[in-house]
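My questions all concern the structure below.
A, B, C and D are the chain letters, set down in written order, and residue numbers restart from 1 in every chain.
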Amino acid sequence: MAKYEHIQHEAFAANMQLPQLGLVVFTFGNVSAADHRLGAFAIKPSGVPYQELTPEKMVVVDFDGNTIEGKLRPSSDTKTHAVLYKNWDKVNGIAHTHSTYATAWAQSLRDIPIFGTTHADHLTIDIPCAAPMSDEMILGDYEHQTGYQIMDCLSGRGLKHTDTEMILVGNHAPFTWGESAAKAVYNSAVLESVAQMALLTEQINANALRLKQSLITKHYQRKHGPDSYYGQ
Amino acid sequence: MAKYEHIQHEAFAANMQLPQLGLVVFTFGNVSAADHRLGAFAIKPSGVPYQELTPEKMVVVDFDGNTIEGKLRPSSDTKTHAVLYKNWDKVNGIAHTHSTYATAWAQSLRDIPIFGTTHADHLTIDIPCAAPMSDEMILGDYEHQTGYQIMDCLSGRGLKHTDTEMILVGNHAPFTWGESAAKAVYNSAVLESVAQMALLTEQINANALRLKQSLITKHYQRKHGPDSYYGQ
Amino acid sequence: MAKYEHIQHEAFAANMQLPQLGLVVFTFGNVSAADHRLGAFAIKPSGVPYQELTPEKMVVVDFDGNTIEGKLRPSSDTKTHAVLYKNWDKVNGIAHTHSTYATAWAQSLRDIPIFGTTHADHLTIDIPCAAPMSDEMILGDYEHQTGYQIMDCLSGRGLKHTDTEMILVGNHAPFTWGESAAKAVYNSAVLESVAQMALLTEQINANALRLKQSLITKHYQRKHGPDSYYGQ
Amino acid sequence: MAKYEHIQHEAFAANMQLPQLGLVVFTFGNVSAADHRLGAFAIKPSGVPYQELTPEKMVVVDFDGNTIEGKLRPSSDTKTHAVLYKNWDKVNGIAHTHSTYATAWAQSLRDIPIFGTTHADHLTIDIPCAAPMSDEMILGDYEHQTGYQIMDCLSGRGLKHTDTEMILVGNHAPFTWGESAAKAVYNSAVLESVAQMALLTEQINANALRLKQSLITKHYQRKHGPDSYYGQ
C-alpha cells in the first residue's frame, strides 16, 4: 500500500544511518518515523541485521502498538515508540541505540553535566538520566512503561520534550527524538559525542565546573533562538 | 573429501568475521565449527593471516585433538576446543580472541559486573573470570587443561554452559561458544562491547551498582525465555 | 568571479580534510583560507554537511566579516576568523573543530602539559587554554570577542602567534592556524593527537613530569630552527 | 642501481603498513630494511607523506649514516637506525612510530608491566622504558646518541636485543626491530596493542599483578622455544 511508503522510506534511511555513525553493532538499536495525520509510524523489524533491511521491511504500527502493515514482527521496543508518539504530537522520529558512551552514563545512573558549548549548542541543561522503573512497572507492560518512565522523568523536572530531545533510561540506554527520524538519529550521534567528551573532561579535571549560564544561553540561542544565525 | 566441507565453510566464514568486527589483529584468535554426528570440528590453521585463509585450509580435527584432514597445523589452541566439544554436546561453535577490553578484564582477574540491559540481554550473571591455572596444570598439557579450567570455573559456580556462553580465562583472554560458529563470534563481539561499557561505567561512577534482579530477568526473558518476543 | 577562486579552492580542500582526519561530525568545524593582498578569506558556509560542499559554495568575506561573494551564509564563527586575519598578517589559514580530546581539555579549563617529543616537535610550551569570556563580552559581539579572547590569552602570556599556532578556547573547543589552510588543519590533527596522549600519560603516571628544556629545544629546533634537518 | 632494489622494496612495503595499521598520522614514523652483506639499509625519506612514497624514493644509507643512493634527504632518525644496524648484525629491520598508547607509556617514563599472555607471547619481561638522555648527549649527536640510549638500556638490564625486540625511548616514543622490516612493523603493532591493554588493566584493577613465571614461560616457549608449536 502506497499510503505508508513515505514513512517506511524515512525509517529505512534513518535506521541505515545508525551503523554508519558507529552507534550500533548487530541488530541493537531502532529508529521509527511517524505521520501524525495517519496515526501511524514505521519501525525497524525486530532482530533483523541492518544489511538485510529494505524500506518494505519496515513495519507500520499504530499509536497503540498494533501492526497495520508488514509481515515481520516490529522492534521489541515498539510500544515505547507508540506511547511517545501518542503523547507527543510534534515528534515525528524516535531513535534508540546502545551507543557506547551514552549507555555507560545510563548504566552509571548519572545525568551528563553540561561542560561545554558542544553540549550547549543542543541543550541548555544536563542530559537527564531517568531513574530505573519500579519492580511493578517492570513486571507489567515493560516497553509501554518505558515510555512513561521517559515522560515522567521530563515532567518531574519541568522539562519540555520539544526542548530536551534526548534522555538516558537508567541502567538501559539512550532514547532521542525530533521533528523527523533523521533529526532523532542526529541527536543520538550528538549525545554519544557529548557523553564521551564529558567523561574525558572529568578524567582531565575531576573538579571541572559546569558551563556558566551566559555561555549556555548564548550558544543555544545562536542555533535555536528567534535571532539564530546558524545554518542556511 | 566432501564429508567435512560444511564445517570447513562454516569455520572459514566465522573466522573471517573476527577482523571485520575489530576483534583481532594479525593471526590472533581462532574459531571452530563442529559436527557432533561426525565427532569432528574444523578450525583455523595456526599462525596463518586472515587474508590468506580459504575454506580448504581449515583443519579438520577429532574431539581428542587429532588431525583428520588438512595439510596445515591446526591452531595452537586446538586441544582447548576439542575437550570442550567432547564434553558439551550442544555446542557447535567456539571462538577465542584477544579483543582489547575483554582481555584487559581477563588480565585484571575480575568478573565483569552486570551493569546494564545490554549485558542482561545476553546473560543474567556477572561474566566469570576463571582463576589462573596451577603451575602443575601449566606444565602439563596446557591447552587441554585450559578446557578444564573453563569447565571447572563454570561448575564451581553452578553455571551451565548452555546459559553462560562466554568466559574470561584469567591472565589470558576470552573464550565464547554457542550453537554455531557464527553465534560464538557474535558472543565474542557482545562480550567486547559489554566489557568496554563496564569499564566506562566504573569510570563515570566508581560506586555504580549492579542491575536489579527484576530488570535482569525481564531483559533476559524477552530475548531467551519461553515467551520471548525478540527477533523473527 | 575568478578573483577569489584560489582561496575558495584552498578552503574547500582544507574543509574536506576535517571529516577524513576524524576531527568533525556532521557540520561541526570550519576552515578558512585568506589572501592578505585581497583583504579577503573564503570560509565554509554555515551548517552545510561536508558531503554537499563544493569550492563555489565557499563564502568570500572581508576582514571586517562582511560577505563579498557567495549566496550562502558564512560559518557562524566567521567574525572570529575575520578579526584574527585583520591582526595577523602572516596567517593565511584558520581551522576550528570540536575534536574529541582537544575539546575535553578545553572543557576542563586546563593547558595541555608538554609531556613528550610529539608535542615538542610542534610547540615549546604547554598548549594554552584561554580563560572563558566575561559575561559582558558574551552578551556583546560574541564571535568577534572570541578573536580577542584568543589574542589576549597569547599576549597575556607573552606568546607570539607565529610560534604558537594552536589554542584551546576555554569551555568551547580548539582553534588552530598557520601559513596556509592546509597547515591550520594539520595543526588541528596534531593538537588532537597530543591532547589524547597527554590524557593517557596522566592516567599511566599521575605524577608525570614535563619534558626537560634541553629535549624541548632539540626537537623543536630540528624541525623549525635555522639548522633544521627535517623534511625535504 | 639494481643493487639495493630489494631493500628499497622491503622498506617501502613496511612503511606503507604503518598507516594501514593505524600506527602513524601524517609523516610521523619510519621503517628501514637492511642488508648486512651490503652494509646498507633503505629508509623512508624525511617528511614525505605515505601516499607519495614509492620504492625508488627510499633512501639508501650506510651504517655510518651516509647516503649512498637517493635524491631525497633520509629520515631525521636515520642515525639511530645506522648505529643499531652497525652493532646488531642479526637485525634487518627497524621501525619507529609515535603510536598513541606506546608513546603515552614512553611519556610517563614507565616500563609496561607484563599483565597477560598477549604480552608473554612476544616477550618474557616488562617492556623497558629507556631513561631520558643527559643534556650532554642531547646537545651532542642526538640521533646517534638515541641508538646508544637504546643499547645502554638493554645492556644495563642484561637484556639481549635478539630476545627483546621493542623499547620505549623515555619522553619520546617506541622503537622496534626484528629479522626483517615486516617483523619490526609487526612488533610495533603488538607493542601498541599490549600498551593499550596494560593501561586498561590498571584502570580495571589498580592492584593488578604481573603474570606468574610459569605462565610467562609457557606462552613464550610455545611460540619461540625449541619445541614451539605455533605457526606453520
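Assorted remarks:
To be clear about the criterion, a residue touches a chain if its C-beta (ideal position, glycine included) is under 8 Å from a C-beta of that chain, and two chains touch if they have at least 3 such contacts.
It should be emphasised that the depicted structure is a prediction, and the values quoted were computed from it without experimental measurement.
The minimal number of chain-to-chain contact steps leading from chain A to chain D is 2.
To fit its Cα atoms onto chain B, chain A must turn through 90 degrees, a value rounded to the nearest 5.
Comparing the contact residues of chain A and chain C by number shows a mostly separate set, under half of all numbers used being common to the two copies.
Chain centres here are means of the Cα atoms, and by that rule the chain farthest away from chain A is D. Centre to centre, using the average C-alpha position, chain B and chain D are separated by 33 Å. Annotation: 46 Å between the Cα-based centres of chain B and chain C.
Residue numbers of chain D whose C-beta contacts span two or more other chains: 203. Pairs of chains meeting the touch criterion: A-B, A-C, B-D, C-D. The part of chain A that touches chain B in the complex is made up of residues 25-26, 28, 45-48, 72-73, 76, 98, 100-101, 103-110, 132-133, 135, 138-139, 142, 171-173, 199, 202-203. Listed in rising order, the residues of chain C touching chain D in the complex are 21, 115-118, 186, 189-190, 193, 196-198, 200-201, 203-205, 208-209, 211-212, 214-215, 218, 222, 229-232.
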